[in-house]
Amino acid sequence: MSVWEYANPKRFMQVSRRVLPLVVGLTVVSLVTGLVWGFFFTPDDFRQGSTVKIIFLHVPTAMMAINAWVMMLVASLIWLIRRHHVSALAAKAAAPVGLTFTLIALLTGAFWGQPMWGTWWAWDPRLTAFLILALFYLGYIALWQAVEDPDTAADLTAVLCMVGSVFAVLSRYAVKFWNQGLHQDSTILKVGEKDPIDVAYYVPLVVCIVGFVLLFVALVLMRTRTEIRARRLSALLARERLA
Amino acid sequence: MMALLLRDLRLAFRAGGGFGLGLAFFLLVAVLVPLGVGPEPATLAKIAPGILWVGALLACLLSLDRIFALDFEDGSLDLLATSPIPLEGVVAVKAFAHWLVTGLPLTVAAPVLGVLLNLAGQGYLWLVVSLAAGTPALSVIGAFGAALTVGVKRGGLLVSLLVLPLYVPTLIFGAEVVKRGATGAEVQVPLLLLAGITAGAVAFLPFAAAAALRVNLR
Amino acid sequence: MIPDLGRYAVAVLSSYGATLALVAAVIALTLWQGRRVKRQLAEVEARQGKAKTDG
Amino acid sequence: MVPQDFHGVFSRGMAWDRAGAMDLVVDTLAVARGGLTVLEGVSFTLAPGQALVLRGPNGVGKTTLLRTLAGLQPAVSGTISVPPESLTYAAHADGLKAVLTVEENLQFWAAIHGVGGVADAMAQMNLSDLRARRAANLSAGQKRRLGLARLLVTGRAIWVLDEPTVSLDAASVALFAGVVRAHLAGGGMVLIATHIDLGLDEAQVLDLTPFKARVAALSDGFDEAFA
Amino acid sequence: MMALLLRDLRLAFRAGGGFGLGLAFFLLVAVLVPLGVGPEPATLAKIAPGILWVGALLACLLSLDRIFALDFEDGSLDLLATSPIPLEGVVAVKAFAHWLVTGLPLTVAAPVLGVLLNLAGQGYLWLVVSLAAGTPALSVIGAFGAALTVGVKRGGLLVSLLVLPLYVPTLIFGAEVVKRGATGAEVQVPLLLLAGITAGAVAFLPFAAAAALRVNLR
Amino acid sequence: MVPQDFHGVFSRGMAWDRAGAMDLVVDTLAVARGGLTVLEGVSFTLAPGQALVLRGPNGVGKTTLLRTLAGLQPAVSGTISVPPESLTYAAHADGLKAVLTVEENLQFWAAIHGVGGVADAMAQMNLSDLRARRAANLSAGQKRRLGLARLLVTGRAIWVLDEPTVSLDAASVALFAGVVRAHLAGGGMVLIATHIDLGLDEAQVLDLTPFKARVAALSDGFDEAFA
């Protein structure tokens, strides 16, 4: 049996129904653990004071915002090449979740930036590229909404997602080149290097990252199930009218 | 293909065809911004490169829906799709016609508007050069956006939303060329990058746009 | 109960507040849309005398 | 939908058998609109010199069928075999540019198809007097005549026409029937969807009502939603 | 008239109706300008009031062609003109619907975009107040422009050209209110003038617009 | 054009005699399109319960005449006398909103005219099954039926129809003829420009060909250019 079997809507509904409670349970456990740990049981940083607590929100959502787009890109390619409806609908389902994570990262970053950098917003390369990503999400969602026929919309948004990804990467280099930034580079993934982040933050941060990943998976599964049902609903209604 | 180019140009020059409107919009932006921002020469000189590029970009943007929408509505696009010309060729020709009608006049007229915004001395040359190198990319990217939204009635704003993020790299490098040029700094790197974007967009986007058109004609 | 956040209380609390609000909003939207579509589908299936599918 | 050729996204996605005789052969074709199959099991053959009139009540799927034949949308199943680049389509929308004159409109399509004969086409459709008039200033019927004159400058053998005589007066309908006869006599083929009588007695008639797709009983399961 | 208002709002909220697109465009301008101009906070703060007003104005402008053109193309406008509702009422209702769909959301969202442009502390309040007072004028003036060009296919750019000069006083006083507000100066005079423009436009322009529509329907 | 009423710029510029009987009276009317008089000397009277079919070849000026009667453009000369607010016009463009459903489209026009009867109108034009379908998803003929159903919710007595049966199949044409008859029986009046036979035998027919305006030979002087 190939993996593509799971792209069959019926099969997907069956499997996802069984998997979903598990995913939801794990999500709740890890998110609650991570956030409670992060909020209540971490010490203040000697430089940043209590604002370090924002890291447990900001970093996971910022990562997931980017990963969600990557997932949409993969799903779009699968739709274009293999014509699996589930994968087109999964891309559609992921976009609002990705946009929400993008907004959370923007907001928490702004709340963090006010005490740390003395400004809500700066035109730093990373921040700017991230804002542009938010625009791509908006355009993508707007295109899904504007086109009526579902297959047409799936094709068009898939093409947009592909082209958009190229330009998203380009934008990132463009803004980097345009201004050197305030925002730090990757640090968390460099455990063992000279200035690693303290374990007291590292462990709850990892729990939070896992929690947000699971939250994303759970929401996308639920939303994909809804999209599939909506397609069946419109098919049934259409047949009813024809009869 | 030549016939298509000539027809598009002819349509643009006939009454209501929109030639010169892009230019007029560009002029209006250059006039409105000082009205909104205030007249201090130093401030204006500082923001001139950016505003001129943003103005050129918006002027391009506003004429995008003419690229395919009219032909879609009156059925010409169906007929072109069943004609001997490949749809990729149709897209390329129409993007080129759009550039001739919008980008080229903007490039030529830009120095005059630079005066309104108090652009610094050496900036004028680089303004023209950067627009010449960058506006073709604006037309091609715009044609792609127009192809995506051709089925959507009065999709003007939707096109803007889809296309503007794609315009960002072109804008940044274009404005950077002018900014550096105006202060006498080295312009080679951003200019090469700008040319690279244009080359890439012209080479690949017609295919994506033709794909989108086919989906929309279905 | 709430730990002493010092002078950054506003920043930290509003971050958590905004995050929880936005997360709650997507979850609510997802559940609401899910329920609505599920209910409509059940209605139509019942009307058309179809075996109730659920997946 | 057959996963073939990127489903018409990256190329014209017709299940056309491009090699073949000069005939237009349609075999157990099913066509869909808005995700629903509207007609199925349609088969016919059109040989050079033949005309076929499609009939059927409003909404049966004539327009959908013609658009599929023209390659503008993919077929659900079945095959269409048509010689390459030999077909031209005329729909409700005429593809006329309001600001171009009658003659300029025709010249454009002639140039696109690389053939001439604009003056001849205007003469045949009784447009010579209006040659310098802009299309915007034509009446509904005059516009329609211009749209039909376009067929003559495509040089294509197979004409696929969707209600071509809408807004034409009786004289113009007769004129048009004459043009169609001349095309057939020259070895052309014509496929016309229409509700009115064109006076083309030699044409075969195909009523599409029997081919209306049965409403597939959707059983349980979600796969049917993605026919 | 209520039925017309409800229909216009419903059309705006349905798929492809364009609600929210004006907002998105406003956001895009607020993002593009810094990208073009460069990131220095001081420069941005200085130009913020002007750019925000120019952005709001362009966002309004781009949605103007929806006011009448769709109804003209599909024949609804002919039918409305022969209906019991006076054409002046049609214009007023449609301008109001346009404001509800464009001006109101812009006003509400403006403070957030102020952050991107580094608007100074007290400016936020006056930004909202000035937009609330000025955007109705933008919609009514825009409806007049749209009525003038309703016969022109895809007249988007032409409308811009006609309408932008008419927008100038609104822009100047609106931006002035924000500028003064941001620096803590007295705002009363420009604010009153702004309100005056709005009142005048709302009172008289529907008649002019109805006259233009009648000519175009002929 | 009579210099009256600002030529229809600041108010509905019809040379209508608003007072008068219930009849529609047209007296030596001349109408122009694009600055050229196309028809002149047209006179007729339509009393309640009567129908008039306008005929004439393409381009003779039927559309122009109907638009003038509807008050959408001024007459060149002559008078039109019509009871106030009693006329409704249906042209090629149906005024349908693609994103609204059939029912919503009708409800809007009913609300505008302050009358009800939407369900009844849908039943009469055989649209009840399609009530929840969005207008975008109708076939050409179904759209046309919806456009005609609008007439029933205007509550107006005089219907002015420009080629109303375009793209209707035979059954729908008969249905429409029935609706017209019912309207006439209720004291309504109907004016129809058409090229086809509607099966309305009781209607009078007016051929417009004799009223075609002589092309005034432009002599010297510029005044004629400003008719």
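Here the chain labels run A, B, C, D, E and F in written order, and each chain numbers its own residues starting at 1.
Keep in mind that, in the parts below, a contact is a pair of C-beta atoms (placed from the backbone, for glycine too) under 8 Å apart; a residue touches a chain by one contact, two chains touch by 3 or more.
Computed from a predicted structure; not experimentally measured.
Two chains share more touching C-beta pairs than any other pair, namely B-E.
In this structure chain D contacts its sequence twin chain F using mostly the same residue numbers, the overlap exceeding half.
Per-chain Cα centroids separate chain D from chain E by 45 Å.
Put simply, the C-alpha centre of chain A and that of chain E have 34 angstrom between them.
Taking the mean of the C-alpha atoms as each chain's centre, chain A and chain B sit 32 Å apart.
For chain E, the set of residues touching two or more other chains reads 15-16, 21, 24, 28, 35, 38, 153.
Multi-chain contact residues of chain F (touching two or more other chains): 92.
Among all residues of chain C, those that touch two or more other chains are 48, 50, 53, 55.
Only residues 110, 119-124, 128, 131-132, 135, 138, 142, 145-148, 175, 178-179 of chain A touch chain E when the two sit together in their complex. Within the complex, the chain D residues that touch chain A are 1, 3, 6-7, 9, 34-36, 215-216, 218, 221-227. On chain B, the positions that touch chain A within their shared complex are 144, 148-149, 151-152, 155, 158, 161-162, 164-166, 168-169, 172-173, 176, 189-190, 193, 197, 205, 208, 211-212, 215-216, 218. Every residue of chain E that touches chain A in the complex is listed here, in rising order: 15-16, 20-21, 24, 27-28, 31, 34-35, 38-39, 41, 44, 115-116, 118.
By the touch criterion given at the top, residues 2-4, 7, 10-11, 14-17, 71, 73-76, 78-85, 87, 207, 211, 214-215, 217-218 of chain E touch chain F in their complex.
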